[in-house]
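So that you can tell them apart, the chains are marked A, B and C in the order they are listed, and the count of residues begins at 1 in each.
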Amino acid sequence: MTDFQVPVWGYWVMGAGLAAFLTLVGMYVKKNRGFKRPLFASPYVLWLALFTVIPCLLVAYFSFTDPAGNFTLDNFKNFWDSNYNARKAIDPKELESYLAMGLSLEDLGLARNAINIDTLVFSLWMAFLCTAICLLLGYPAAHIMADREFKLGPTLVILFIVPMWMNFLLRTIAMMSLLEDNGLINNVLEMMGVGRQKLLNNLAAVQLGMVYNFLPFMVFPIYNVLNKMDYKLSEAAMDLGCDKWHTFYKVTLPLSVPGVVSGITMVFMPAVTTFYISRLLGGGKVQLFGDLIEAKFLSTSLNEWNVGSALSLIMMILILASLGLLRKADPEGEGGGIV
Amino acid sequence: MKTLKRIYLGLILLFLYIPIVVLIIQSFNAGESRAKWEGFSLIWYGKLFDDPNIMNALWITVSIAVLAALFSTVLGTLAAIGIHAMRKRPQALMLTLNNIPMTMPDIVTGISLMLLFIFTQVERGYVTMLLAHITFDVPYVILSVMPKLQQMNKNSYEAALDLGATPMYALFHVILPEVMPGVITGAMLAFTLSLDDFTISYFTTSPLVQNLSTLIYSQARKGIKPTMNALSALMFVVLLVLLLLVNKRTDSQEK
Amino acid sequence: MEDKRLITLEDISKAYDGVTVLNHINLYIRQKEFVTLLGPSGCGKTTTLRIIGGFERADSGRVIFDGQDISEIPPYRRRVNTVFQKYALFPHLNVKDNIAFGLKIKKMSAAEIQKKVDYMLDLVNLSGFGKRSVESLSGGQQQRIAIARALVNEPEVLLLDEPLGALDLKLRKEMQLELKSMQQRLGITFLYVTHDQEEALTMSDTIVVMQGGNILQIGTPKSIYDEPSNAFVANFIGESNIFSGTMVRDEMVHFCGADFPCVDSGFGEDKPVDVVIRPEDVLLVGEDVGQVTGVIKSVLFKGVHYEMMIDAGHSIWKVHSTTMQPEGSRVGLSVVPFNIHIMHPMQEENKQPQEEDAQ
């Protein structure tokens, strides 16, 4: 399955890296003349370098190289035109002869194909919709639970926290079995005389699955901020003559912005990157950016892996950018942003 | 107004939990079809335990979760102690690096690790999956231990040295006993996350070595069989219990 | 107190991230001496203590202990023990195990440990507390356990980092006396860090006044109170009136618009100086016989005395007196030459106490 060879310099780099690390530790020990507590972290420093930093660099490396290991920007050109690499790979003379035979690029399957960029835009749109729905559904729920007079609030919040950690795959499957042709909903519909409907394998099912999976990520940060908010603030506002509605949008709403931003990021990011929700609930008919990346890496064609890396890199940059945005809006992490 | 609010909250919670509850109920259905209830039965659970593929995946899942929890707890606890004692700048750098695996989408983490294994020509399978699990578990262990270290009297470690303890003696007799609640929470969290993971396992193992999540995924793509229902239901309950336990621990520790 | 120098600090400097915390400190501590490092927060006193304890390494300079350079010796091999600011008792161990911590490392027999722990508990008046958890103890009791835990190792020097800081006033006063008598009974050298000048005056044989990483003055409590070496020390130790003045000639100083006879000499003629006068040294006399005159602006009753603020035209005087003059009345002020303290004016940089925390 793999034709990759570790280049000779690869071993050298790895050896040099390890040597550099050990030297650093040694220098630290020498400088401090003895064992100091920060050294307890050194095994993990090595681990982070090996399994976090180097893999990230590898994604970058593969993005900028072709299967032979030469530097190239083709993988990013593929982002705009998914046939770019294929067209480049074909012998120009051969191509000319095909064209001379009257075949067009379309016939050869080599015409410009914007599937990658289109899929990204489509994923962003789906994620945006999902975020908007989660915000509309989640804000009121968080607000109700954060009400000081609602004694059950803190208990109910746990019911929102637990799904945040729970296997998304399993939850997607639960949703899938609910929507199936002979699932519960269809049974109820039939009993009501509406008749069975095709509920799976369409956009709505994917969107439903996304909202279902990510809604808790919107509720929790907003609840956190609202809950910590000094209730005396709203009392003060009322005292100053605000009615309930004014108090809400003049005091509560602006103060809950960090939680909302946190929630938006926490829903939007996984929504952009998901691949199995669309696979299971969309039945392969709905392709998101995550599916595209997955497909690239399932492919046996080596070229595709480099393209997949480039797509992953683009996704990584997207995520980092939105995280940067989050830091700006909620610098203290009040929203409990990253759990 | 008050009742309206409660109804709304109830509906949202129903939305979140109905699919799970229905799935669990269906797993006890005697009939193959989900169309109608043919009586309570444990037949699918029985079949579950007869299926060598599933039992194998179960063994892989549990053993990886235990090993990953063990390694990541040791690695993470030591790391937390070290990072806690660092000066501001290296500490900030370490915490940022530590955040990467938590903030990066699982699919990117999975793919980057997969590229690492391919690049170094390590055949993907049990060991690579274990390495990947340790990688994403450690940050959470650090996150559980760190608050306990911050609660500790900042002179405790020095007091131990002052009384003649070597750094190792102080680690085992002063620091560890004091942060133990955080270490246990971290270990439980690591275990749960490892049981829970799908995406990263999916990219770091081969089709020959499957854990329960990847097995369920490959089966579910072809449609859901009743045994899969039973398996999912079982996993749900185990995860739910574990998560509630972890959650209760962190809660009571904060108080 | 003996003459043998037990600890000597030679030219110790320390900086954190480019900020100087200790600036070429030289200091020696004699055997069985009770030395107090006194100064505002951020003056470097705690850092000095931590360098002696071995928790910090000086950037330059040497720590000599009993004739040996111990700069590179880790804390667990130094013959000193520390009582930390917030005690740092181990919460997972009970009282007895806390005290026995150091003894167990030395692999002492259980019977011997028990004997020593009982003796220490007795010494700090907590007999029978051995099985209690440390968290069930009051602040004062925890404090005693921390002292017992350090003393049981029979250190040659006990380092105390603001050990009474967390206690309330009454308990603090009791513990001051108790610590002092314990030090005398056991014959151990104490190095004590505090920002409380009264505490320093009550307990110490020698006080080291520090500020901004420098040692300003070393001396007995009495000499430091009576003869502060500069205005900062004068102001930090007790209350003071500090005026800028000019030395007219030897034994005559000009400030607040008048010439005052004094006992200092050797400052030169027409040289700027700082003049320090303790509020209790200012005499209220008749308007006609005072060296300067002023109007009483405010009167506060302070228990033992009245504190009056007097406006003498160019300057405000703080005066402590057991007799009260009504607000608004004109009075004469007089100071006997012996109570006028002349000092060299402080360098500008020293006048602003640095507020960086040494930690």
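What we mean here is this: a residue touches a chain if its C-beta (ideal position, glycine included) is under 8 Å from a C-beta of that chain, and two chains touch if they have at least 3 such contacts.
As the structure is a computational prediction, the values presented were derived from the model and not from experiment.
*Asks:* Among all chains, which one's averaged Cα position is nearest the averaged Cα position of every protein chain shown?
*Replies:* B
*Asks:* Could you pull out the chain whose C-alpha mean position is farthest off from that of chain B?
*Replies:* Farthest by centroid: C.
*Asks:* What whole-Å value do you get for the distance between chain A and chain C if each is reduced to the mean of its CA atoms?
*Replies:* 59
*Asks:* Could you put a whole-Å number on the gap between the CA centroids of chain A and chain B?
*Replies:* 18
*Asks:* How many Å are there between the centre of chain B and the centre of chain C, using C-alpha atoms for each centre?
*Replies:* 54
*Asks:* On chain A, where are the residues touching two or more other chains?
*Replies:* none
*Asks:* Can you pull out the residues of chain C that are in contact with at least two other chains?
*Replies:* Residues 74 of chain C each touch two or more of the other chains.
*Asks:* Show me the residue ranges of chain B that touch chain C in the complex, using the header's touch definition.
*Replies:* Where chain B meets chain C, its residues are 87, 153, 155-156, 158-166, 169, 173-174, 177-178.
*Asks:* Please output the residues of chain C touching chain B within their complex, sorted ascending.
*Replies:* Residues in contact with chain B: 17, 53-55, 74-77, 80-82, 84-92, 101-102, 105-106, 149-150, 153.
*Asks:* Going by the contact rule at the top, pick out the chain A residues touching chain B in the complex.
*Replies:* Going through chain A, the ones touching chain B are 2, 4-6, 10, 35-45, 47-48, 50-56, 58-59, 62, 137, 140-141, 144-145, 147, 150, 156, 158-163, 165-171, 173-178, 180, 182-184, 187, 212, 215-216, 219, 269-270, 272-273, 275-276, 279-280, 290, 293-294, 297, 305, 308-309, 312, 315-316, 319, 323, 338.
*Asks:* Note which residues of chain B are touching chain A in the complex, please.
*Replies:* 5-6, 8-9, 12-13, 15-20, 22-23, 26, 33-36, 75-76, 78-79, 81-86, 90, 94, 97-109, 111-116, 118-121, 131-132, 134-135, 138, 157, 167, 171, 192-193, 196-199, 203, 213, 216-217, 220-221, 224, 228-229, 232, 235-236, 239-240, 243-244, 247
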